[in-house]
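A, B, C and D label the chains in the order they appear, each numbered from 1.
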Amino acid sequence: FSSDRVDIVFDSFGGSSIDGLLPDADIAFTFGGDGTLLSAASHLSSLGIPVVGVNAGRLGFLAEFSIEEIETFFDDVLEKKLPIEKRMLLRCKVYSKGLEKFNRLAVNEVAVMAGKPFRMIELLIEVEGEFLADPRSDGLIISTPTGSTAYNLSAGGPILSSALEAMVITPVSCQSLSFRPVVIPPDYRVCILPMKINRGTWVTLDGQASCSIKKHDCIEVTRAKSTFNVVSNPMRTYWNTLSDKLHWAKKPRYSETT
Amino acid sequence: FSSDRVDIVFDSFGGSSIDGLLPDADIAFTFGGDGTLLSAASHLSSLGIPVVGVNAGRLGFLAEFSIEEIETFFDDVLEKKLPIEKRMLLRCKVYSKGLEKFNRLAVNEVAVMAGKPFRMIELLIEVEGEFLADPRSDGLIISTPTGSTAYNLSAGGPILSSALEAMVITPVSCQSLSFRPVVIPPDYRVCILPMKINRGTWVTLDGQASCSIKKHDCIEVTRAKSTFNVVSNPMRTYWNTLSDKLHWAKKPRYSETT
Amino acid sequence: FSSDRVDIVFDSFGGSSIDGLLPDADIAFTFGGDGTLLSAASHLSSLGIPVVGVNAGRLGFLAEFSIEEIETFFDDVLEKKLPIEKRMLLRCKVYSKGLEKFNRLAVNEVAVMAGKPFRMIELLIEVEGEFLADPRSDGLIISTPTGSTAYNLSAGGPILSSALEAMVITPVSCQSLSFRPVVIPPDYRVCILPMKINRGTWVTLDGQASCSIKKHDCIEVTRAKSTFNVVSNPMRTYWNTLSDKLHWAKKPRYSETT
Amino acid sequence: FSSDRVDIVFDSFGGSSIDGLLPDADIAFTFGGDGTLLSAASHLSSLGIPVVGVNAGRLGFLAEFSIEEIETFFDDVLEKKLPIEKRMLLRCKVYSKGLEKFNRLAVNEVAVMAGKPFRMIELLIEVEGEFLADPRSDGLIISTPTGSTAYNLSAGGPILSSALEAMVITPVSCQSLSFRPVVIPPDYRVCILPMKINRGTWVTLDGQASCSIKKHDCIEVTRAKSTFNVVSNPMRTYWNTLSDKLHWAKKPRYSETT
């Protein structure tokens, strides 16, 4: 790379020495996978710095560039010629007896997990102050469009175009046979009230930050004010990546005669 | 009802005599079920007249008022005190050799149905000019949020809040095990190109208007310019209706001890 | 091949001249795909002749041998060293006013298809004389274990091991949100009574034989007395084939870091 | 009840004093719900004593009799006039370094649960010594026909008739989009080898007995030699109960006009 044109200011998150320099950065690169990018997301989005995810191994969903591709597009990135997708984030607050005990951002999803001793939990869900449902399940996922291809998809939720602004609510192993995932507007305020939970019940964000949940807590999920600005790889579409990585819509290998 | 305050100008659609009067109407009432309302939708939406759906029998999804409720809210309706939901519509055009052979509006969905002799059909789907997928299936549904609780739901698609603007693409009995429904922005242009179809393959809109499809046709689905303006029943939420009519999220009748 | 050791007696089905010779055959080979094998199944199973399916193109589900593999195993086949799977068949009879108007065997499935004008149909299902359910749907599939990986799977049904004897009942696009496929013992008698159907409603067997259905008809599905005896390819397991052909259980291509 | 005809020998499980008397019992009654019956199942099945489940509150799946119904059928029960269903059980053994560290019976299911910190786990599944699949998921369920309407159903598995002998393998929130539940013969030996698990990963049986799982353990699931003999309620079919309790196949409340 043309190191004369770039000031490399950080090597790993956690290095507090770079915090003073980072706010002045034009662009950030992460090297690793989606996990690396997710762990940097909260910090970068609050500063409004767009990020280029470089995937050391194979392609990622968010880390859209391979090493080879970033060499090709390096100049375009610096010259800000590549499109930047502004991905919506979720803010999750947990209140205990009226006091805020947890407050974090999520790129993919906020998930409530039943935990030990693995009895189904019962959560009352309100959207915009209206009763939505109170499913018994192994857990509940509130996902962004970005996260719709992650945990939400494994739990049976739909794929949301990254160009859409919305949230999707999907339970995990719901006892009700008739529950179906629900897609709601991005500005809706979602409240989750635990009716019956386990001692091991937690809320986790992007599989990273997490918080233990008690009986009378209230979990609030809203759209965050900031967005996560990701530089897009012009070589690939959202649908390409879905197909390449998750084998989405992959056709059977049928012989011609069938 | 207070007939002195209302000019009743039409009794049934098809009565051409009222066409001259209808444009001046402030509001339209339909009596029947969702089917009655759907059949009037195209006409009313082009005129921009809001509609109050009265369901003679039980409650409907679109026909949100029972006979009793409409008596209660009749004055509020006339005084325009009730909220009006502007529901997005789809425009479906079918082109054959470059010529438009079909052009209609849909409130719920545009569906391509395999038809006789019931072999799976293969449809190539493009969104905004990008290749999405080319599933083999019994059919394909492009649904509005309003239609998400109709055919789309039976085929395994998600529920979209009526307050959201989006389209959902859901195949029927897809041969690919990994296909999942896709929710896209409302302004996307969807093109469906038949790769392998049957002689009985049709496109149908809201289960009403329909058009036979041939090999080299192109089916285009976009958001319509007009909206379908439906007067909301303040007594019920979208989630109530889902639960009441479709038993959505209905909990098992478990005894206390389990 | 060693043509001195084999009398080749038929080239294509439909050639009636071979009917006299076929009953004396020790084994039958089909060349083509699963479709070819399915079309021969009824005839061969009534004679009890085991069949070796050779797939000209790629591998099939029933046509388990490639051209190369059949060369390797040709002697083993003739010396009856390869395992033979006895696959259960379904007999489907349609009665109209008490008279039998259709009577055929199915290897994969019996399917009732809504047909034009594509309204959902309502079918009352009885098993062993007990009311099972009366779903509204686009169709209904009664499948063998062999057929469980065909149409049944596209409609959301489970995979049944070919070593199991059972039937699976799966609706297509069921209006009830809480319907789930049902697996029943192989000796159960299934009766399907059309409550509301379309003029285009048909029953089809293996996507081949079919029969138009009228309002007061009765469709009876039972296990056939004969079995379909298919020579197994020792190089592959049922699970291999599922994975190879349908990408069943295929894992995402995730980078190491995620 | 006619207490002169019955020796009541136990009031609650855990009362060890009754253990000497129980083997001579002709029949056992449980009062409570399915949970009560499940907790007694292992003990009763090893003694071969048929059980009548009386559900204090509402109807249960296994506790098939209400208080009223048991009054009606009490004489029939004592005179052994009611049908007894022999329900298959699973035996689950966990081996650690070749040593058996857990060995229990399950009526409903054996479930491996990811547990804290809630990362997806990767389990390699073998059936009869053949590789089946190695899904990444939140968990894995091996269910009996009896258990098919319990946790298996919530996770998306099919319903198995209680008259069928089979096992069903269903993952919870599987990362692979193409995984579908698999129904296998009852005599198959299932081995589950943990490839990647969490520190909180457990195996649980019927939501009751449980065992922590470590990296090199091996979980073996087979059909138990004994059966669980449950007295059937002649007033209800399996399908009735499914419909009554789980709202299985419940039809939407549509008005006539739609």
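Keep this in mind: a contact is a pair of C-beta atoms (placed from the backbone, for glycine too) under 8 Å apart; a residue touches a chain by one contact, two chains touch by 3 or more.
All values derive from a computational prediction rather than experimental measurement.
**Student:** Of the other chains, whose C-alpha centre is the longest way from the centre of subunit D?
**Tutor:** B
**Student:** Roughly how far is subunit C from subunit D, centre to centre by C-alpha average, rounded to an integer in Å?
**Tutor:** Using C-alpha averages as centres, the distance is 31 Å.
**Student:** Rounded to the nearest whole Å, what is the centre-to-centre distance of subunit A and subunit D, using the mean of the C-alpha atoms as each centre?
**Tutor:** 36
**Student:** Mark out which residues of subunit D touch at least two other chains, giving numbers and ranges.
**Tutor:** Touching at least two other chains: 153, 174-178, 180, 246-248, 250, 252.
**Student:** Graph of touching chains, which shape: line, ring, star, complete, other?
**Tutor:** Per interface graph, the chains form a complete graph.
**Student:** So in the complex, which bits of subunit C are touching subunit A?
**Tutor:** For subunit C paired with subunit A, touching residues are 32-36, 55-60, 63, 176-178, 180, 244-247, 250, 252-258.
**Student:** What part of subunit A is in contact with subunit D in the complex they form?
**Tutor:** By the definition above, subunit A touches subunit D via 111, 113, 115-120, 137-139, 151, 153-156, 172-175, 177-178, 200, 202, 204, 207, 210, 246-248, 250.
**Student:** Can you check the complex and tell me which residues of subunit B touch subunit A?
**Tutor:** 127, 130-136, 148, 153, 157-161, 163-164, 166, 168, 174-185, 188, 237, 239, 243, 246-252
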